[in-house]
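What follows is a single structure, written as structure tokens, with notes after it.
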Amino acid sequence: MLHVAIGKSLGAFALNVAFDAPAGVTAVFGRSGSGKTSVVNAVAGLLQPDAGKIAVGDKVLYDRQCRINLRPQHRSVGYVFQDARLFPHMSVHRNLTYGGTHDMARVIDVLGLGDLLHRRPAGLSGGEKQRVALGRALMSAPQILAMDEPLAALDAPRKAEILPYIERLRDEVQIPILYVSHDVSEVARLATTLVILEAGQVVASGPVGTVLSRPDVVPLLGVRDAGAVIGMKVAGRLLDDGLTELTFSGGRILMPGNLGKLGQSVRLRIPAQDVILATEPPKGISALNVLSVTITALEQGRGPGVAVGLRAGTDQLLARVTRRSAGRMGLAVGQQVYAIIKATAVGPEDIGG
Amino acid sequence: MLHVAIGKSLGAFALNVAFDAPAGVTAVFGRSGSGKTSVVNAVAGLLQPDAGKIAVGDKVLYDRQCRINLRPQHRSVGYVFQDARLFPHMSVHRNLTYGGTHDMARVIDVLGLGDLLHRRPAGLSGGEKQRVALGRALMSAPQILAMDEPLAALDAPRKAEILPYIERLRDEVQIPILYVSHDVSEVARLATTLVILEAGQVVASGPVGTVLSRPDVVPLLGVRDAGAVIGMKVAGRLLDDGLTELTFSGGRILMPGNLGKLGQSVRLRIPAQDVILATEPPKGISALNVLSVTITALEQGRGPGVAVGLRAGTDQLLARVTRRSAGRMGLAVGQQVYAIIKATAVGPEDIGG
Amino acid sequence: MIDQLGPAEWAAIRLSLRVALVATICALPVAIAVAYLLARKSFPGRQLLNGLVHLPLVLPPVVTGYLLLVLFGRQGALGAVLYDIFGITLAFRWTGAALAAAIMAFPLMVRAIRLAIEAVDQGLEQAAETLGASRWRIWGTITLPLILPGILAGAVLGFAKALGEFGATITFVAAIPGQTQTIPSAIYGLLQVPGGEGAVTGLVVISVVLAMGALLMSEWLAHRMSKRLGR
Amino acid sequence: MIDQLGPAEWAAIRLSLRVALVATICALPVAIAVAYLLARKSFPGRQLLNGLVHLPLVLPPVVTGYLLLVLFGRQGALGAVLYDIFGITLAFRWTGAALAAAIMAFPLMVRAIRLAIEAVDQGLEQAAETLGASRWRIWGTITLPLILPGILAGAVLGFAKALGEFGATITFVAAIPGQTQTIPSAIYGLLQVPGGEGAVTGLVVISVVLAMGALLMSEWLAHRMSKRLGR
Amino acid sequence: DVVVFAAASLKEPVDRLAAEFDDVVVSYAGSGTLARQTSVGAPADLVLLANREWMDVLQEQGFVQADTIADFASNALVLIGPATAADVTLDQGGMTAALGDGRMAVGLTGSVPAGIYAKQALIALDLWDTLSPKLAEVDSVRSALTLVARAETPLGIVYQTDARATDAVRIVARFPANTHAPIRYTGALTAQSDQKAAAFWDFIQSPSGQAVLADAGFLPPMSAQ
């Protein structure tokens, strides 16, 4: 849907980025100064590239060769800025309707803005501000939504307050979303596509599950954040225990909480460090999920860890064990082992709808 | 060392706080608007309380009854502001030496500021700014160091870059440190004492291990952040495997990485959700650490989880299992079970020196 | 003091108020436009414009008055055009007094407004752009409301200056009672007659009260506005 | 034009420069102090002080000159004190011209500096406090350097105004060639006689060049300063 | 309305003269300013100047009706001092003694009429070289009066009519009429003036008009003396 292929030199910094963002959430990930905001600004028309092309569907926003460069006003990019940028002299209601009243009732409802309408931005908490900014962008009926680290300035409770809204958005609004973040768990939870930037270049891009389990991406993410993302289906609910049963090609998994409607597809991130391997089926153990898996790869890292690639059914899992354990258990490629996944070890933010 | 017992009304907000901060790091924890900054400002003399007393050792900084209210200049409080507040018109070197040149060479060395000295604040990255702010506070030879969310504005890689400096500081500088944060893993890693604020009141305070494993504190921290903090000794190093062996009253634990010198005391946080319980000793499993423990408490939470208090030797551990597991395994107080702790599941920031 | 003021003096007070108000109101849009140009645009001749705006501050008022006379007199380059095309005469009319006052107040107004424009967070304007607002809508709904306190300060400063202007006014439009005799030129005249001091004091007090009143009101309004923005 | 200037005119130019410079330099510390008081302190009479500062802007310059005469003349309340205690005479000296120019320039200087002070992040001053710096050290090392661009703007504006001041100056200290005859009083004299236009143009050009030069230099300096702060 | 442009020093009597008419308004300023304004088409019907030179300029350029030009008053130049001052003899010794280390307030000797006459008188009395460094030149004769009245200067040269304006000064000497060019107040109807303006101009020159001027201390025009 969104096609970006641009070059721009900003002083000593050179941006050279090409990627395609399909419908759903495309996360742009990278450390500070890697060029994330510049990319989003170029899409929104706030930064003019030196070369290249930007298009949404078949609407060309920028094309150097055809000398097309739509003004921001005509791009229909809903931009949620990192610093909210609410108009301080207007009520929340006037802020919201500034760009239009598209789908007003539902936006106010989805984002829970009903009680805020008559307040002024200065009186809002950080989380409320971001929700209003999001609502304002949505009500301008954008063809694409761009969010620049909308949660970065917020503390954990505020983040937890907003993430569900963004998820509902992704599921209910049928426009591509460009989501800038440097938080892997946010990315894993929200994104369908992941673009990783480093020093103005795309170093990896593709479906989020694929990119996150690429070994060469691990150092960009930090060791603790590597892990597989697997699409599953909600197969049942164990009401007494408050658990949800999920199935995938490799078997079934029980997760705490209410994770969607029966039959719905969900995406589950299973961090490599939360997977325990056992050579015998474990007994009398509090971890609910034991999968029979086959080792597909063993990669020695720089530290004391060994990354173990696993196949469960047709899906890929990733486990990280110590070298000592790997040796003691005699792990080898092709070996059949048991993967123990502790149900509580996957926190709510790692479960995406 | 630091004694705080103050009251202050700020518009509709009432601050009413009393705690003692011994040597080492005292973390002040609480959500946005709970009064953390106000407390630190009162200690630094930037906010005058309505009543009460503040003293460092036997130096009284503020005493309503004796009408003592030292000006900030005379309090010797090194204050690292959340927003760095470097003087924009001075070089890093002039910023650093503004308040004095106490222990200059070592501060520059410890904080790695050598290469920055001739640059200007505007050109520094966020992490560098905070390091300079820290250095500046230290070089004024403070009797107490106050840091207001020094890492909140930084992304994960920058955080990881600065945390070790603060740790070194805690270990090398013999002054009390007041550390404001809303990040539990930072708190667990750095703090010796923890003060939790809510709406201007102290709701819990004491040694960090004790406070973090109090069940009533769990909702304040967020479910995922509860866990025990246990003091251990470095007992050995398994060089081949890159593991460190730690002992405590409940047995021995192997952790990846190089965690200090032989015989040194370290503090290990074991998040409740990373502990798996088993009724039989597990075999052929990749988790290295299996402890024999006794169940001391079973507390049903609001969700699908059950908090299980465990005694290992004389230390307390906390585990969180699903209700289903608890039922299936027939867990009961007094029962003897096995706690499986995956070595890699405790990340570096959860291991404090 | 006040009771020593005759009908001519009261006429001067009324006229001064009218002149200062009209000068301020008419100069304001131009001052805003010039301040905007100076604050936001770079174009050849920018420094020239900046210099031109400050000219009335530097020149002795009488010189400004003569320049106005030369330019806007009936024989003047602009005066002839204005008269021939629009039938407007400025010289020796209260409208000319307003022009003189406006020109003298202009640098003060531009400076105050320019500072306010430079302080506006352009990020807010960008946000409005991405929401599809046209330039004019952005100006009217974002920029203008945000610089209102600065405009207010500039207007009041200009008003005060316009009330006090003498040299350029008396040179350009003379001091015809009821038509172009403002408070300052009435003061000048009264100083020429024996025993005029009482009325002079009355006029001085009145112009000080008017200007200070405007000043205080503007500070209070600015305070309220910034409160409304929640700062 | 310039060649029509006689020795008296050149003396006026030199004197004007001296008067404007001295006025600016001497008024600056006072303007800074008053701007600081108005920006930072609340005290009874704050609005009164604010009004007083603006007075020379509102009053016709002749009235200001007259008030100066009353206050600082030989018989004046302050003038007598200055003479008896310090042996300073202002009347008919260039120092008096400088005083008149300073007073007329004062409101402009205070306004510019006050805005700069209000824009300083007080958090930086608090940071310096916690580092043990005394109030004066904070002022000298933090506040003052940060408001320098504003001070510069105020000084240049004041300088320009001082160069152009006429009414208050001639009323207070007359126009004694070489001592108190500044460019504007020379211009005024020349305008009163038929055929003085040539020399008037020369003087006008010179004062415009001086004031614009100062203005451009200040904008350039301010630009450099803000670059040094990395903005 | 009949618009009269009059030299500022005429304010007192001309205000009274104008009060006799319903529709006469008077704008006062320095003679130079008035003349320049008239020469760019000011809506004046009658100009009353304190200076013959400017009238000649206006006549040459055709801004005034040449046949209506007439002197309507004259004035005398006097030396004033503070109310307590003794009379001064107009010679080197008398003047320097009275002056002490003070200054003498005069109009601008190059441009303000009262200053021009003062310079002529001082030259004629051979006092110019001694006194010219001790002058305090101001923008109008009234400013000179104020300086003496405020005791800023011990002496000042003003018109006889000005000296009457305040009790704070007294006339300490009179300059003989032959020491300076005659102080002629000259008026003329402008090119655009109508019948009503002519009537006022006639009134000024009529005996009742002259009586008002005399009452204010003005002398009759030279031609009538």
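By letter and in written order, the chains are A, B, C, D and E; residue numbering begins at 1 in each of them.
Note that a residue touches a chain if its C-beta (ideal position, glycine included) is under 8 Å from a C-beta of that chain, and two chains touch if they have at least 3 such contacts.
Protein names from UniProt, one per chain: A, B = Molybdate transport system ATP-binding protein; C, D = Molybdenum transport system permease.
In this text the structure is predicted, and so the values were computed from the model without any measurement.
Novice: Suppose chain centres are the mean of their C-alpha atoms. Which chain sits farthest from chain B?
Specialist: E
Novice: Rounded to a whole Å, what is the gap between the Cα centroids of chain C and chain E?
Specialist: A distance of 35 Å separates the two centres.
Novice: For chain A versus chain B, what separation do you get between their C-alpha means, in angstrom?
Specialist: Here chain A and chain B have centroids separated by 29 Å.
Novice: How many Å are there between the centre of chain A and the centre of chain E, using C-alpha atoms for each centre?
Specialist: Their C-alpha centroids are separated by 91 Å.
Novice: Can you pull out the residues of chain D that are in contact with at least two other chains?
Specialist: Answer for chain D, listing residues that touch two or more other chains: 66, 167, 188, 191.
Novice: By residue number and range, which residues of chain E touch two or more other chains?
Specialist: 33, 36, 146
Novice: Would you please name all pairs of chains that touch?
Specialist: Listed in label order, the chain pairs in contact are A-B, A-C, B-D, C-D, C-E, D-E.
Novice: Where on chain A does chain B make contact in their complex?
Specialist: It is residues 31-33, 125-126, 152, 155-158, 160, 182-183, 222, 224, 238, 240-243, 254, 256-257, 273-274, 276-280, 282-288, 303-305, 319-327, 329, 340, 342-345, 347 of chain A that touch chain B.
Novice: Please name which positions on chain C make contact with chain E in the complex.
Specialist: Counting only chain C, the residues touching chain E are 62, 66, 69-70, 73-76, 91-92, 170-171, 174-181, 188-189, 191-195.
Novice: Can you check the complex and tell me which residues of chain D touch chain B?
Specialist: My answer: residues 121, 123-124, 126-134, 141-142, 145-146, 228-231.
Novice: If you look only at chain E, which of its residues touch chain C in the complex?
Specialist: That would be residues 3, 5, 8-9, 11-12, 15, 25-29, 33-34, 36-37, 40-44, 142, 146, 164-166 of chain E.
Novice: Could you list, by residue number, the parts of chain D that touch chain C in their complex?
Specialist: 47, 50-51, 54-55, 57-63, 66, 108, 111-112, 115, 119, 157, 160-161, 163-167, 183-184, 187-188, 191, 200, 204, 207-208, 211-212, 215-216, 219
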